[in-house]
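We just call them A, B, C and D in the order they show up, numbering each chain from 1.
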Amino acid sequence: MGVLTAALGTVPLWGSDYLVLFFFLFCLYLTVAQMWNLLAGYSGLISLGQQVFLGIGGYSVAVMGNYYGLNVLLSILAGGFFSVLLALFMSLFIFRMKGVYFSIGTWIFAEILMIWFSNWSFVKYGTGLFIKTNPPLSTNETFYIAFVLGVGSVALVYFIMRSRLGLGLMAMRDNEDVSETMGVQVFRYKLYCFLIAAFITGMAAGVFYIFQVFVQPYKAFSIDWTVKLVFIVIIGGIGTIEGPIVGALILVFLSQVLADYFSVSLLILGAIAIAVILLAPKGIMGTLQAKLGFEILSPRRK
Amino acid sequence: MPDILVVKSLEKYFGHLLVVSQLSFEVRQGEILGVLGPNGAGKTTMFNLITGTLKADGGSIIFNGVDITRESPARRCRQGIGRTYQIPRPFENMTVYENLLVGAVHGAGMREKHAAPFAMEVLELIRLLPEKDKLAGGLCLLDRKRLELGRALATQPRLLLIDEVAGGLTENEVEMLLKVVKEIQHRGVSIVWIEHILMMLSEGVDRLLVLDGGRRLQCGDPRHVMNSQDVMECYLGSEED
Amino acid sequence: MQRELALKVDNINVFYGEFHALWDVSLEVEPQQIISVIGTNGSGKSTLLNAIAGLLQPRGGDVELFGEKISGMQPHQTVVRGVSLVPEGRRVFGRLTVYENLIMGAYTPRARKRRSTVLRMVYDLFPRLHERRNQLASTMSGGEQQMLAIGRALMSEPKLLLCDEISLGLAPLIIKDIYKKLEEINRQGVAILLVEQDINRSLKACQYAHVMLEGKVVLSGNPASLTLEEVKRAYFGV
Amino acid sequence: MIDLAQPIINGLLLGGLYAVIALGLSTIFGIVRVVNLAHGDMVILGSYLSLAFCMWLGLNPLWTILLVAPIMFCVGFLIQSVLFNRVLGKGMEPPLLMAFGISIIVQNFLLLVFTSDARALKSDLSMMTISLGEINISLLYLLNFLIGLAVILGLRQFFRKTFLGRAIRAASDDVVAAKLVGANTSSIYAYAMGIAALTAAVAGVLVGMTFIFYPHTGPQYLIIAFGVVIIGGLGSIKGTLVGGFILAMAQLLGAHFFGPGYQLLCGYMVLLIVLAIRPNGIFGKA
């Protein structure tokens, strides 16, 4: 594991530009998917509105950098911060909803923000904003930030799982009602996860859009984001720490290798998703774990 | 000593159906109260109301002198109400040890450092030490029932609600569990115990509560209750035509 | 030559996951017979009926209907062969009218062809259902819903009727009425397997009884030869 | 008052279209308990099938309904029997991913075949209006409304009067009891999805005649469908109609007061308010 992490962290030193790009995307997808996994896989919150934080994160770096000349790292942090604020506000509404209604509620929030931003003169309506960072970042520098986020998100979920919160989350994942009668404060823990996921997702979005140089409401707040996250997490193995790693690798691999045949790569992705659900409903890592009984990042207590 | 649990005129509707009706009883400190009743008598619903999984539509529940009718299930557990389920519901993807840890950390509010030796102690009591690192989903029925008891115990309850431990087990296995329950009682835990095998209840319990149609039919000395006419009737059907 | 059996349950075992719900249960029902199975809740009576009807699959053992093996079949396959279950808790289609519920009872192609004839017979047996035919099933009383559940089960023209706790939650007078109807149905040539908690009622109605406890048959005999004391002991396991 | 009458009339007419869009989603949820996230894409698939027939046979788009509807019925039937039936009862995630898988396959299949160009189903109707004093009624909107109403009423009659319709209702009422009377519930579900897809086909043709569409327009209609069923309650035909009216009315009145940019926003705001007050929808069961 350590070797792989080290290899990943040093890609700019030995890899081609193409590889740097590949692993940059991998790290960011991994980060955001790991957060969706924290929600859907452990807290039972199936959010279809994670794109809301991706949009907020993207616009935060644009507005903070362009308008106020804020340092780039602080702008990224600001993206996380605003996402948490928004998540708190959203929770007033959506935490009353259950199951499907929660999922739809989060999505509607994202749609509202999409329309809001495309009608808001401050962010130049639907045309979107170019992003100028202060100071300007090289490709490698952006890669390192993404790397820190990617590794950080895995470590974060790992440490959450080793903590009191994680113990409760794992119990909730297996049976929410029973865990509540065992003293687990289900509502509060769900809220914590929602806020943590918003924070990290918001920051990852900032890095992604710095790389894209351009943020635009119809892309940033698009459901396509969440569709990708669902694929990554469920194909990889929902409720496992390793699942999103494998899933993100598959997604980035498909989209990069078949970059010239964009729609073909997505067709294949759709087919893989259906095949995985039919053949290995727990996802690739979930099924491997169940069959072979190994875990690399085990949150197990002994 | 005051009663550990006092239930007053408890009521619960499912839609328009009254499933628990004006139910009142108390559990004395340190006793085992057996609960009996035919299908649909409202026994498990009563447990769900006491633990807070269901919200009562009327009446009150006083635990240890505090009105807990509006508290969340988690809070009730922290205050000392533990329960087992009729069909064991362990956290299947967690190990036996982790299952107990959940109880100790979240239910009893211990730090994980202190919870670990306590969980080991409980493992020994329920005789599951050898299975400690097995996934709970892979346990056999007897071990699941043991875990069910152990997990509830790990929350350090002052009142333990037991929903049928004997179902589906052989006689020897039942006797083994009976011993565990007795040990739990000796630790000063009060127990409310739903069971279908009457032998267990008439031997093991201090008092017996009989429910029918969500109402209290009888409550008192087990032998006396078992021989009463209306209890027999509610099981055997009425004689008159 | 062996006498023909309507139903032969031979040493079946049923599990819910890890839970061993039925242990080597065997029983037989002859055509024209009413057989009852008595036991407390959790004793495995409903499980037995569900396994016969095909809602549950036994692990080991055989179920035969008039000599044909039906274990391993799905409910829609057993219905075609003449098994009909009146489920516990009645389970009428609440948002369908009484008439529609009965129509649904005649789901199999064979039953659909004879639908109007059988429907008339069911209405004759339960005139109340005819009176209420356009009413939503959910708005009827418990007793009426029980009649509807039985009527619906009869619509498939079963050779074997399985009844799960049909007296549960009903007033004594209504129970008496329903049991009379069952005897009438039986006289028309339908074998019946009854499952009840109510010992007295089912002992009176049947020709042979089994008592179940904890998933096993613990006592069998014809009602005349069984003493109430014996039955109670087996029933409660004291 | 007159200037309010126009958006209200349009809202009413558009509401009929919205109701048909949502009909299949609502039906499938009520019966199979699956939230078909690919529903919007099935609508758009209907639009493209119609487009293909228009180009190939030179038909008026309206007549293509007769061809598109049966094809979509088969598509729905197959999707349910081959895919969804296998993941029922395994929690919420598997059907979710399954639906996303179907959605992305449909979208990209359409992209490959039809490219990403904007398309429309052209007919003479789109220009015609009826004038009632100061109010103009678009003939196309009127047609949408009437066909929508016809589909909804037709479906209602189908569920009430036919054997299959009754069987579908019975299965949605109590699956176990339906099995016990001898129904093969898997095949009932497949028929139900076929019917849902059929309504999606009608919706697709109407949508295609009224608005421009792209291969990836599906989710837009999915969220409209969601909006309708949130207001009307999942699984209720009557609620679907009411939900369609309320949502369309909220949108058009919003556009009237705040400008066209806010049309969708106002619809969503109403949805959020409904969800905040009644987390299961106005007509939804608690």
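The definition used in the following text is that a residue touches a chain if its C-beta (ideal position, glycine included) is under 8 Å from a C-beta of that chain, and two chains touch if they have at least 3 such contacts.
No experiment lies behind these values; they were computed from the predicted model shown.
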(request) Enumerate, in label order, the chains that touch chain A and chain C alike. (result) B, D
(request) Touching both chain A and chain D: give me those chains, sorted by label. (result) none
(request) Please indicate which chain is farthest from chain A, where distance is taken between mean Cα coordinates of the chains. (result) C
(request) Please state which pair of chains has more C-beta contact pairs than any other pair. (result) A-D
(message) Suppose each chain is reduced to the average of its Cα coordinates; what separation in Å results between chain A and chain B?
(response) 42
(request) Find the geometric centre of each of chain B and chain C from their Cα atoms only, then give the gap between the two centres in Å, rounded to an integer. (result) 33
(request) Please report how many Å separate the Cα centroid of chain B from that of chain D, as a whole number. (result) 49
(request) Hunt down the residues of chain A that sit against at least two other chains at once, touch-wise. (result) none
(request) Among the residues of chain B, pick out those that touch two or more other chains and give their numbers. (result) none
(request) Send over the residues of chain D in touch with two or more other chains. (result) none
(message) If I apply the definition of touch given earlier, which pairs of chains qualify?
(response) A-B, A-D, B-C, C-D
(request) Using the touch rule from the top, collect the residues of chain B that touch chain C in their complex. (result) 38-40, 87, 139-141, 144, 164, 166-168, 196-199, 202, 213, 235-241
(request) Going by the contact rule at the top, pick out the chain C residues touching chain D in the complex. (result) 53, 55, 74-76, 79-80, 84-85, 87, 91-96, 100-101, 103-105, 107-108, 111-112, 152-153, 155-156
(request) Can you check the complex and tell me which residues of chain A touch chain B? (result) 164, 167-168, 170-171, 173-175, 177-187, 239, 300-302
(message) If we count contacts the way the header does, which residues on chain D are in touch with chain A in the complex?
(response) 29, 35, 83, 86-87, 90, 92-94, 96-98, 100-105, 107-109, 111-112, 219, 223, 226-227, 230, 234, 261-262, 264-265, 268-269, 271-272, 275-276, 279-281
(request) Going by the contact rule at the top, pick out the chain A residues touching chain D in the complex. (result) 40, 46, 93-94, 96-101, 103-105, 107-109, 111-112, 115-116, 118-119, 223, 227, 230-231, 234-235, 238, 263-264, 266-267, 269-271, 273-274, 276-278, 281
